[in-house]
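What follows is a structure written as structure tokens; I'll ask about it next.
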Amino acid sequence: MSGVVVQNVARADAGVIDGLARAGVATLHEAQGRKGLLAACMRPIYAGARIAGSAVTISAPPGDNWMLHVAIEQIEAGDILVLAPTSPCEDGYFGDLLATSARARGCRGLVIEAGVRDVRDLTEMGFPVWSKAVFAQGTVKETVGSVNVPVVCAGACVEAGDVIVADDDGVVVVRRAEAAEVLAAAERRIAGEEAKRERLAAGELGLDIYDMRGRLAEKGLKYV
Amino acid sequence: MSGVVVQNVARADAGVIDGLARAGVATLHEAQGRKGLLAACMRPIYAGARIAGSAVTISAPPGDNWMLHVAIEQIEAGDILVLAPTSPCEDGYFGDLLATSARARGCRGLVIEAGVRDVRDLTEMGFPVWSKAVFAQGTVKETVGSVNVPVVCAGACVEAGDVIVADDDGVVVVRRAEAAEVLAAAERRIAGEEAKRERLAAGELGLDIYDMRGRLAEKGLKYV
Amino acid sequence: MSGVVVQNVARADAGVIDGLARAGVATLHEAQGRKGLLAACMRPIYAGARIAGSAVTISAPPGDNWMLHVAIEQIEAGDILVLAPTSPCEDGYFGDLLATSARARGCRGLVIEAGVRDVRDLTEMGFPVWSKAVFAQGTVKETVGSVNVPVVCAGACVEAGDVIVADDDGVVVVRRAEAAEVLAAAERRIAGEEAKRERLAAGELGLDIYDMRGRLAEKGLKYV
Amino acid sequence: MSGVVVQNVARADAGVIDGLARAGVATLHEAQGRKGLLAACMRPIYAGARIAGSAVTISAPPGDNWMLHVAIEQIEAGDILVLAPTSPCEDGYFGDLLATSARARGCRGLVIEAGVRDVRDLTEMGFPVWSKAVFAQGTVKETVGSVNVPVVCAGACVEAGDVIVADDDGVVVVRRAEAAEVLAAAERRIAGEEAKRERLAAGELGLDIYDMRGRLAEKGLKYV
Amino acid sequence: MSGVVVQNVARADAGVIDGLARAGVATLHEAQGRKGLLAACMRPIYAGARIAGSAVTISAPPGDNWMLHVAIEQIEAGDILVLAPTSPCEDGYFGDLLATSARARGCRGLVIEAGVRDVRDLTEMGFPVWSKAVFAQGTVKETVGSVNVPVVCAGACVEAGDVIVADDDGVVVVRRAEAAEVLAAAERRIAGEEAKRERLAAGELGLDIYDMRGRLAEKGLKYV
Amino acid sequence: MSGVVVQNVARADAGVIDGLARAGVATLHEAQGRKGLLAACMRPIYAGARIAGSAVTISAPPGDNWMLHVAIEQIEAGDILVLAPTSPCEDGYFGDLLATSARARGCRGLVIEAGVRDVRDLTEMGFPVWSKAVFAQGTVKETVGSVNVPVVCAGACVEAGDVIVADDDGVVVVRRAEAAEVLAAAERRIAGEEAKRERLAAGELGLDIYDMRGRLAEKGLKYV
């Protein structure tokens, strides 16, 4: 089952991907019907990064980072590496040397349901990583896994070429085939929110803007 | 039991509340006899904020943020929202729109034993949040909860109108009726610590300042 | 077994210790054969610190920080305090007063498999701490423990006088007797990495630099 | 705040308490409006026990079981000990000697948000315990706490004399003043469930028994 | 995206399903190339059950068990319910009434990445459940989810009609299309293990049976 | 550092080992000064086993069980296998085939800070295991570790030949050189407890038996 590298992966349109980055994780998650979010354990190694890119997926054995070298060859400019270990692991699969290599190929960042190390160097490089742990624990290069096969990363299915968006709120995956439609929905949502933000900032209440008082009363809410 | 909004909540004196903010969480926790601390899982979304305010409490179902809209109407200037879900939940109940609305009412921040999202926006706004998780997961508006009833938030009982103090060390609740007395105790404690800080900085040992050597020997401590 | 303070602990050479600080945690962990790492739960209270020093070890009861006062007397300039509770505990054993005292003795930082408080003050002082939790919970001074005995801290054995190195990647312990040899291995490793970093930055692949293609094929990796 | 033993605690009616035991945790939790449940981490040391009794509450320092001896003197026949540590702790506060003593006073069991030990002996004695951990770690007797003061145990407020009910589903607290009313509601609920159980066992669907189809269609559920 | 019930789901051959039950989780996981395992947090409510059946999948909001009623109508004899909440939740979605209803439809058990209650009754009924938690916390019926759509349950992708096998080791999913082939591989594996078990029981070493000594020496293993 | 198998390990006296088994974990932990306990996450796969034996230690890479085969050759009758992974791992390193092999060499059980599988078979065989997880996840045989070197297992240092005692309370390690002395201390403790158990069973209070009332009053305990 493992031991496969899928080549010639289709990517979403570059303009759509960049639009998705601007929308951000929380908005996209809502815009696509509250799906695709990775678990809350996935945290950025530094604050402020917001990226989007096409997933190069990696299924790797616990404590073995060999497939990262294989995956880097599959990177096209604008891609994001997505690593899911085949069983829970916190080891530091990735550090500044791999980041240097990935960046040279045009990689925008890493999403890894495991550990990362050299985080000071990665921060100085501005190479963003979302991970489950920061841990210097070393890995081996003994067992093959797969690249660009479907994986479950932090509870979300990710296929090669899906769009990954990551920011301070976490990580969301948008299906490649749905990317344009999700972007459109997100842009409508952002436009709608702007008007509401102004009204809220002016002191109007959500209770009134969203006309909630009647339904709350029906559900039995009592003021005492 | 749920479905109640308590209005006309008494608050502590504004000057006392501001004094409690200056004292900070660790000092207040000691000054009031080591009680009232929320669990260590409650972390700020950004470093450096230190706030105090009167609690507007929210008991909310898991994954349902409807009561936040109801609670915002109950905010008076200087209040802090305190949300406890009725069962463990990490969903992102609160983001930048709600923060805009809460701030317009004079809210100083949010303490939530669940998740928060739009943390980059909240950080830019300077709207501080202490939460159990950062998670973009959306919520629904289907089930009523209660506002300004007693809640257990992260292991601490909080009643509406209690004083909440939060900083980089976490969150502590001070009973409204005890606020002035706790502030006085905290100020005595701070005064006492200043002298000790100087002696310690000068190289004197706690062993001598606090006269511990005899009691340590009695308890059997041996130097080898 | 407890109730012992070991004095006259041997330290590693100061120059070696400073060299180890420059190498950093991830490199040293590799250089000494992937051992000595503390668990990933040990996180710095602020980013950017990188220290090395000789361990003054503390075995303390849960919720009792008395031995910290005893340990501070044993500090020599350049030391690092290492506290392991005798059972799991998140209490805030250490705050700004103890940091003031420790710093006055020349202490470079604290590694504690428990909680720490006053983290804003500690950050302003530039006194680095690696801990399992930030928690304002107070402690008592009732039960003796031991100082400078062997402890297991976050899963790693630490003996008094061992070298502790800590940075944004976590904490590693280097045996005192092996410190010079580990430093030499680390420096060789760093030198070797520099050349590789340049080749990787230029776009060469790890697959080629490390000559992995043949072995991957042998293990059955297929490109499809 | 600590250092207090409250005597002369009022208990609920013994017949009501026994009725509550028969109803069980899940039914009572529903019958009283979904409140009062302790967190899911509280597990029985052996399967099959179902008890109810009046709470003798204990607030104890981490790793210090002195107050258990104090609390046992306060037990009346039919009581249940409820221990909440003042900060998170897994130590084994309680074993077969304390169980022997508690049983001699008529104690029906222990609910402890910490650890327990001698679980084989406790199982053989038939002395049930609900705890967060099984851990042989010893405790000291150095610091006083309080007995029969309000505590927060595993996220639920418990006052002395409240009724505790515990079974394989976990632990629920029923306010003393509400005990009779909750029992009545539980008995109505049980009666209503019996008829439904028979219809469900006969193959009728909840969709029809509870008349859900229309409301599901309104909410947009589609069959494809 | 949610609000869909897929009907007319294809199932695997009944004889194959029963064969998979006999093989058990650990063997099937190996036989299908070490994939399909649900996370280790999924534990049985009682020891000794071993079941296999076709998955009826449920995607449900946190704290809302409405879709279980919908799903039960979709059960065919021999099926297993598989519930994945849309965000992490420990609430008790399922108890003895739902089990009575599910059993009346021929359901063999429940796999739920959330909580279950009435576990004593379920144990007496012999209705097996694998869950993340035992928790009496009630749920609401307010928000629709979906039935028989693909879900990620405890880290594994499950589609309606896939074969679920569960025993004391946990839960594994076998793709419907691969079920016969996996059963054949499992049976070969079991046959091969029997001979090895006898040799091992007679005192032969795995080192010799699997001819490992040479390869261990090559990898540098030293006996001292 | 890894890649070493230490042979010719000294064991404690067999009669002492059997005496330690009779004393049990909680008593031994106290008798040796509250040290040597493994973390509370180490739980037995079935209730009721109580064993003692000499440790054959294994340091293994995450997800790689090769060293178990190597270790089994080093077993002498009465030994217990103790496996510590070099980084956190839940994989199922051990199942019924390895148990068959280990038992044929006289092994009394396994202590593993990782996962175990085939637990139904192991229970039927009466082969006891204390582990951090039950998980069917398979492992590879690619990387060497070490046998009979010192390890840290679940937070406790274990050296080859140390005595391991395990029962329903968990696992404790007794240094080989201290085994006879610890047994003597445990037997004194057991004798002392017997008299106390009788007095407690007769209704005498620990407060009186241990003469605690005066010291409690001194510490400020108040009865109200």
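The letters A, B, C, D, E and F name the chains in turn, as written, and every chain counts its residues from 1.
Just so it is clear, a contact is a pair of C-beta atoms (placed from the backbone, for glycine too) under 8 Å apart; a residue touches a chain by one contact, two chains touch by 3 or more.
These numbers come from a predicted model, not from an experiment.
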Worksheet item: Among the other chains, which touch chain C and chain E together?
Response: A, B, D, F
Item to complete: Select, from A-F and C-F, the pair of chains that is joined by more C-beta pairs in contact.
Response: A-F
Fill in: Separation of mean Cα positions, chain E and chain A [Å, integer]
28
Worksheet entry | Length of the line joining the C-alpha centres of chain A and chain B, rounded to whole Å | 31
Worksheet item: If you average the Cα atoms of chain C and of chain D to get two centres, how far apart are those centres in Å?
Response: 42
Discussion item. Using the touch definition from the top, which residues of chain C touch two or more other chains?
Written reply: 34, 37, 40, 86-88, 90, 135, 137, 143
Practice prompt. Let me know each pair of chains that touch one another.
Written response: A-B, A-C, A-E, A-F, B-C, B-D, B-E, C-D, C-F, D-E, D-F, E-F
Worksheet entry | Contact footprint of chain E on chain D as seen in their complex | 24-26, 29-30, 34, 37, 40, 43, 47-48, 50, 167-170, 172, 193, 196-197, 200-203, 205-207, 210, 212, 216, 219-224
Worksheet item: Which part of chain D faces chain F closely enough to touch in the complex?
Response: 3-7, 46, 66, 69-70, 72-73, 90, 92, 95-98, 100-101, 103-105, 115, 117-120, 123, 133-138, 141, 143-144
Fill in: Of all residues in chain F, those that touch chain C in their complex
1-2, 32-35, 37, 39-40, 86-88, 150, 152, 155-157
Practice prompt. Provide the residue numbers of chain B that touch chain E in the complex, in ascending order.
Written response: 61-64, 86-91, 135, 137, 140, 142-143
